[in-house]
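Structures follow.
Two complexes come next, and they have one chain in common, chain A, joined by chain B in the first and chain C in the second.
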Partner chain A sequence: MNTYFVVLLILFGGAIISFAINKVSYLLSGIVAFIATASATVFFYLNVDTDNFVQFSLAGFDFQWGLNSLSLLFTYIVLGLGTLATLYSIQYMRFKNNLGYFYFNFLLGIGSMMGILFSQDFISFFIFWEIMTWSSYLIVVYNGNKTHKIGIKYMIFSGIGAYAMLMSIVMIYADVKSFLIADYIDYISQVGLSGHYLQIILLIVGFGVKSALMPLHVWAPKAYANSPMGYTSLFSGALSKMGVYGLSIVLLSLLTNFNTGENVSLGGLFEGINAEFIRIIVQWLGAITAVMGTLYALKQNDAKKLLAYSSIAQLGYIITGLAIGTELAVMGALFLAVLHAIFKGALFMAMGAVERQAGTTDMTKISGLVRKMPFTFIVTLMSIIALAGIPPLGGFVGKWLLYEGMITSGHYFLVVLIFFSSTAAFLYCYRILFGIFLGQEEKETINVREAPISMLIPMLLLAILTMVFGTYPGLLFEPIANAMSYIGYNDVVWEMSTISNVWGDKVSLDYVSLTIFTVFIVAMIFLTIKNYKGTRYVTTKDISTSGEMPTENENLTFQLNFFQPFERAVAPLYKRSMDKIYNTIGESLDALFNFVRTIYTGNGQTYALYVIVFLVIMLIFKDSIFN
Partner chain B sequence: MVISPVHYIAVPLLAAFVIPLFAKLNREFVRIIPGIVLLYLSYVSIVLMNQVSSTGTISEVLAGWAPPFGINLVFSAFSGFLASLMTFMGLVIWIYSYRFKKIDDEPALKFYVLFLMLITGAIGIVLTGDIFNLFVFLEIVGISAYSLTSFYRNRDGAEAGFKYLLLGAFASTLILLGIILLYSSIGTLNMADIAQKSHLIPTSLKVSIFILFVVGFGIEAEMFPLNGWAPDAYSQAPGPVGAAFSGIAVKAGMYVIIRLIYTLFDIEGSFQFLIVMGLITTIIAEVSAMKQTNLKRMLAYSSIGQMGIVMVAFGIGTREAIIAGLFLMLNHAIIKGLLFLSSSYLVYNDDNKLISSLSGLGKRLPLVSFLFALGAFAIVGLPPFSGFWSRLYLLLAAADKELIYLIAIILIIAVIEIVYYFRVINKLYFKDIKVKSDDVQKPSINAVISMSILGILIIAIGIYPDLVTSYLGNAADALLDKAGYIENVLVDINN
Partner chain C sequence: MEDIIYKILGAILTIITAFVVGITYGGLTRKVIARVQNRVGPKFYQNFFDVLKLLSKRTAINHGVMQHFAPMFIFTSAVTVLMFIPILHDGLFFSNFSFHGDLIFLLYIMPFGPLGMALGAGQTGNPNSAIGVTRGLSQMVGFEIPFVLSLVALMVQFETTSVTEIVNIQVESGVWMIFSNPFAFLAALFAMFGMFRYAPFDIVGAPAELASGPASEFGGKYLAIMMSSSSIFTFAKLVLYVNLFFGGAENLVELLIKTFILYMVPVVYGLVSPRYRTEQSITYFWKWPLALGVIGMIWAII
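After this line comes the complex of A and B, so read on.
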């Protein structure tokens, strides 16, 4: 049997088995899920073959499944993170209810993401896309009660996105008479883009919803923060990347390559739209998403929500990079896409561990967990270093490429925005570290213990990966360069452990990394030995307490309004939020709907009157209605 | 015995009259006989559908009088498809209602007799080749439907039944008037003959007749603004009856409108008219559905909205669009059937049938809730369930005719559907439990079987739509082949 069918069979079959087996034992359900993803991963990479295409026809349409180097790149994210997240979830979800339901949707999500990557035609793409959407919806509402509004919001926006995509797909079919993505690209390369911008815009809207692009992002913060963390790591790490995958096809395969520079007027609503214009819009939306995501992340007191906003910001970088479309920018964007999956996956898992062990991720409530959960702390530390783009961990390389790509292509304003957001990201990163792990230990957290080993392994693996890719980015450059050759960038230059810029400067990462690691490890050993003796008590002279003596159980690490001055400085930016705008729209629609429904009065006489009036109108205007 | 389309009419009609006699022997016969009849009709459907796909349309002359003078039944791939669908839905609903408790309390005899009459009438409408005969069948459907609506004999039921009766009476009058005008101008009642001679009628008169028919049958087909009866009727009728209305009775009304436009009259602008009316119907109904607090009413409005979409599909008029329309009818029958059947258990003990009373029922009634959720997923068109394919076909047909705004409206409506269906699903599963465990009604085994049949069908068609697409294609061809229809009916006289 074919690789693709087998992989999907393992995942979907695993979904059903782990649903059924939950009745036997709650633990088995998770183990089955893990075995399913792991075996699917192993089987897939043993048999992976990018030239293998399967064709079949169903319902009168031709379907094609296959793999290209671009989708291969994204399978690493989905299967890699998927396997680790299932492993993590076994312990994380251990004491919760409805595990069969959870794992069923979990595996359905992974399977449908693989299906998306296999799809070489729009229709199976859409089918898997929708399965992914509703399975993730079912997990968003998993925690019950308070989540139903979040779930509905997620479903509405997903619905809008999916149906925009569907509209585009049927319009494409009417033009091309085929659902194959390759056929559409061929078609566009022959007839040009003019007249097909609506299709492209609708596709961008569809993918933009999943990749949380402004102004379609409003579902994301709460949906990310309220799903079980084991799933959120996948949700933010892999599922949002499906939007990125789609956008990279649209923005790169279609817009960049066939942008012949023509400026055809479409008339009406689409006056003056051309490929360049769309790309500029998307670039700016991405950059604004990055800035706003970061600013909102700063305000959060809950680490989960903070990370959710941070995910949105990070996706903003990636989209900006893709929309710029120069070789370096795309490379940086794809590199960040993979890295974001790694470090954000690790961070969400770490927060899940904190939540499970300490009961909350509210940074105003817990602090000083570093002694209790040292490994989780290390993972968090490394991940946020990667997130903030500090060398030597992976995020730095991606940011470097992205900045360079933007500067060399002359997008200076965007650089400023991205740089601002990236710098501000330091602040919220620090906040997590400080808020949860450092500072004074609280009485409530005295019994907190480190997370179970099966949760630590995936986290540590991901953290190590950020280090590996920071030192040897070439490991990742290779598949990225292949992927880029698929979407039209040939001969992408890369080196295993060196990044260079157009001005000829070179940085050898392995030396840098080795030096830093050595210093770090030496320092850590030194500090550990020095401080091993025990707790150092803060003397009253150490801190300013306005002359008052602090009592022993008074917490002196401040958490609330952490960045008050900064928040004040950017306060005007918080004033308008998309949420409020959508709420206003929702309310006015509600009023309109209430008015419309009064047409059905419930009175038989009125209904009879309707019939008569309708008949009379029809008879009077029959000539104009029926010529 | 040779199987012929006449059995569709004769057997259930006969059964409806002998049930009271057998009831004297044993009460159980009341329940069993309809089942046997429907099983037999399903067998007839299978045999005839096979026959049609190999030999083409079957035209059966009744009582020895050849058309255009006598009455004939036409079992084409199109009408046969609908008749088979109705039979199938009838069978499923029979399985469901075999031990439906509320019917046990009331005289089961009446229910089954009326139910059989409803199916007979609806199938008769679809199969008959004579427009007056069609009117008679419509009356049969109408009378059984009014009585079934007010089956519980309470105040609300009586009110709903009365509203239905009121509008139904309008419908009959207008249709009869149309038939009279038609007969006086061309002197024939045979539909094939009318189709052949309709160009002889003066255009103005023809349009007037058409309008009378459309308004009359539009009442049955839930066209806006003629559908005031529907929300009340659906919410007051017993659960299985709601399914029967949406799966059987409304389909018959829709069939006639389609026949009128495609076969009988050749009126310019009637296709556009259908699109516009369909859009208005669906927009207003879906918007109203969103604001309902009563689950059954919500489903009723949603049902109206679906019929609006069906109208749009048939208004587009291409072969693809007809396939889409038939697929939508099929999906509407099975999915809305499943929703009505499962929702009866969800609001079993709540007289107001409030959505808010569903809180947490997912834990108390896991299977029923699951099936309801499945139906909701399917009806909003999520893959891999059957509703997705019909919507896809419709959109493709619209895109083919470059009706971009139509696509946009249909998809916006789909988002509205998501909102109100997922609201119910959220209530079911993700809210705290309000009801006590002894307050809920566990479904009987036969209800579970019938709902599972529909559920499995929804998934099966969703994963493998080719199960039905060939039938749909044949049916669409049969509908478009007007000359073939005329020839088939009128040439058969000479043989």
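After this line comes the complex of A and C, so read on.
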């Protein structure tokens, strides 16, 4: 039997079994889910073969399933993070209800993502895409009534994306007379891009919704923050990457490779559009997404929402990198895509651990957990360093490639925008570390304990990965180089621990790590022996306050309006918000429908009246109408 | 084998030089400020005594491991930045790892120390520390924008991101960056005001307001390490500026003259200025410095 069928069978079968077995024991459901993903992962990587294609026909359509190096890269994200997230969820979801429902949708999500990566034709791609959307929607509304509106918003935007995609697929079929993705790429390579821009724009809209590209991002912050954290790590880490996967096909395989620079007039609305123009628009949208995501992230008081906005910002970098399309930028974007899955997965898991142990992730309610949850803190710290892009952890490599890709290809103002966003990211990075783990230790959190070991293991594994990729990014460059050769970048040069740009400048990461760790360890040994031993621990109330002694009940916590001066400085940027615009549209639509409801009252008598009135009008004007 | 010994000796020599120069500059600054305020002021080597005194102190209490780690983060960052900057043009002992890093890397390793420090300051629970940290980070976003604009202008103009290459090109052509792109230099100079945190940008420490901010819970050996790290860091940043805009230096004397003149600019500017509010000090960098940076970049592109 074929690998693809077996993997999907394991995942979808596991979904049904864990749904059914929930009746027996709450633990079994999670364990079954974990076993299913783990065995699917093991089976898949034992039998992985990029040349193996399956073709079959169903209901008159030709389907083709297979694997290319690009989708192989994304399977690492989906299966790797999926396995760890299911392991994490066993304990995280332990005291919650409806576990069968949760794991069913969870596995359905993983299975459908694998399906998307297997699909080589638009029909099965679209079907799996819809399964993914629906299963994630059902988990978004898992937390009950208050998530109802969030779910609707998510569904509306997913619907817009799905219909854009479907429309595009229909138009493609009308042109190519085949649903195969490869056929479409072939076709475009022969006839050129002119006349097909609408299809591409619609595809970008479809994928842009999932990858939270502005202005299609408004569903994301709340949907990420209100799903159970075990799933959000996958939601933000892997599910959004499906949008990135689609965009990399559209932006790279189609737009960049076959951009002949022609400027064909399409008339009307699409006057003067060419491939370069679309790419510039997407680049700037990505950069603006990054800036706005960051600015909104540092305003949040809830750590989950903060991370949700930060996800949007990070996806902005990735999309900008893809849209720029030079070798270095694409490499950086794909590297960041994998790294983002790793560190954001770890961060959401860590926040889930805090939520489970301390009851909330609201930074105005808890603080000073570092001594109670040391491992969670270490995971958060390492992931945050990776997120901020500080060497020697992995995030730096991706950021470096992205910047060098932009500078060497002449996107100077874009690089400043991205740099602004990533410097401002330091602010929210510190906010989340300080808000939850540092600061005053409060009485309310005195009974908080470290999370269970089965939740810590996935988090720690991910954190260690960020460190490994920081020194040896070559481990990841190899699959990325293969993936890039699939989308048309031949001979991508990479080295195990040196990154270099087209001007010949390089950074040797082994030297960086060597210096940092040597100096740090020498300083640590010196200071620990000389200074740390013999000191005694004092509480956070015992601090220097100009001679006064703060009493036990005195409030020294600093959490509200954390970055108020900065918010004042960038106040003009906060004035406009896409969310507000959509809400205004929504409200005016509401008003319109309310008016319609005064006509369609639902009362049979009123409708009878309308019929009579209509007949009367017809009778009166019959001469002038029918002449 | 010999190579490695030279490397290690060179690294130690560089660190000692940076420490001595940085501390002396700090002492001289105190003297200059005192003279302007019509005081006698301490001796220029007073800071050495301060560091030595602090190093001999014992610490009695701690607020946890992160506080203990904080000075090491800042020391590591300062030394790492120093290692990846070429101190002298063609120096045998002073080149260190400068071939293995570039400008973007330096931009990203620079916040490593302050962020580590911020973690330690956060764990102490002192609200003044946390306020100082938030101010420092906000200000960083402010001054990094003109700084990055100016650096991008440089990279574009020379088509390289390596500091060593930039120095080489300037030495070969004989035209310093300050003359070939004055606007980029001015933008970077303004950014430097924020980087060195003298008045009016001393919002992080903010004497008489935040009680020395992030550093307020650190004493004894911790404070000594922090003082020496910030001296090393100051020296590293000055050398970076000299490398980028003044064509590097052939020998130590030239380097000292160039760095000292450069260092006195923010000090003297600070002497006559009161302190800004935080948002003023952020938006300061987004007005003229930003405009100068944009002009510098356009200059470089054309």
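List of remarks:
Note that the second predicted complex is superposed on the first by the 555 of 627 C-alpha atoms of A that agree within 3 Å, B and C clash if a C-alpha of one lies under 4 Å from a C-alpha of the other, contacts with A are read in each partner's own complex, and residues count from 1 in each chain.
Everything that follows uses one rule, which is that a contact is a pair of C-beta atoms (placed from the backbone, for glycine too) under 8 Å apart; a residue touches a chain by one contact, two chains touch by 3 or more.
Small disclaimer: the values here were computed from a predicted structure and weren't measured.
Contacts of A:59 after superposition on the shared chain: chain B is touched, whereas chain C is not.
Of the two partner chains placed by superposition, A:443 touches none, neither chain B nor chain C.
In the superposition on chain A, no contact is made by A:576 with either chain B or chain C. Shared-chain residue A:371: touches chain C; no touch with chain B. Looking at the superposition, the partner that touches the larger set of chain A residues, chain B or chain C, turns out to be C.
When the shared chain is aligned, chain C comes close enough to touch A:516, but chain B does not. Overlap of the chain B and chain C interfaces on chain A: none, as no residue is touched by both.
If you check the complex, the residues on chain B that touch chain A are 159, 162-163, 166-167, 170, 174, 204, 207-208, 210-212, 214-215, 219, 225-226, 228-229, 231-232, 267-270, 273, 284, 287-288, 290-292, 377, 380, 382-384, 388-389, 392, 395-396, 398-400, 402, 404, 407-408, 411-412, 414-415, 418-419, 422-423, 426-427, 429-432, 464-466, 469. Taken in their complex, chain A has these residues touching chain C: 368, 370-371, 381, 388-391, 396, 399-400, 403-404, 407, 412-413, 415-416, 419-420, 423-424, 426-427, 429-430, 433-434, 438-441, 501, 503-508, 511-512, 515-516, 519-520, 523-524, 527-528, 530-532, 534-546, 556-558, 562-563, 565-566, 568-569.
By the touch criterion given at the top, residues 58-64, 66, 68-69, 71-73, 75-76, 79-80, 83-84, 97, 100-102, 104-105, 108-109, 111-112, 115, 118-119, 122-127, 130-131, 133-135, 137-138, 140-142, 144-145, 148-149, 152, 155-156, 159-162, 165, 211, 216-217, 220-222, 225, 277-279, 282-283, 286, 297, 301 of chain C touch chain A in their complex. Looking at the complex, you find that chain A touches chain B at residues 58-60, 123, 126-127, 130-131, 133-134, 137, 141, 144-145, 147-148, 151-152, 155-156, 159-160, 163-164, 166-167, 170-171, 173-174, 198, 592-594, 596-597, 599-600, 602, 604, 606-608, 610-615, 618-619, 622-623, 625-627.
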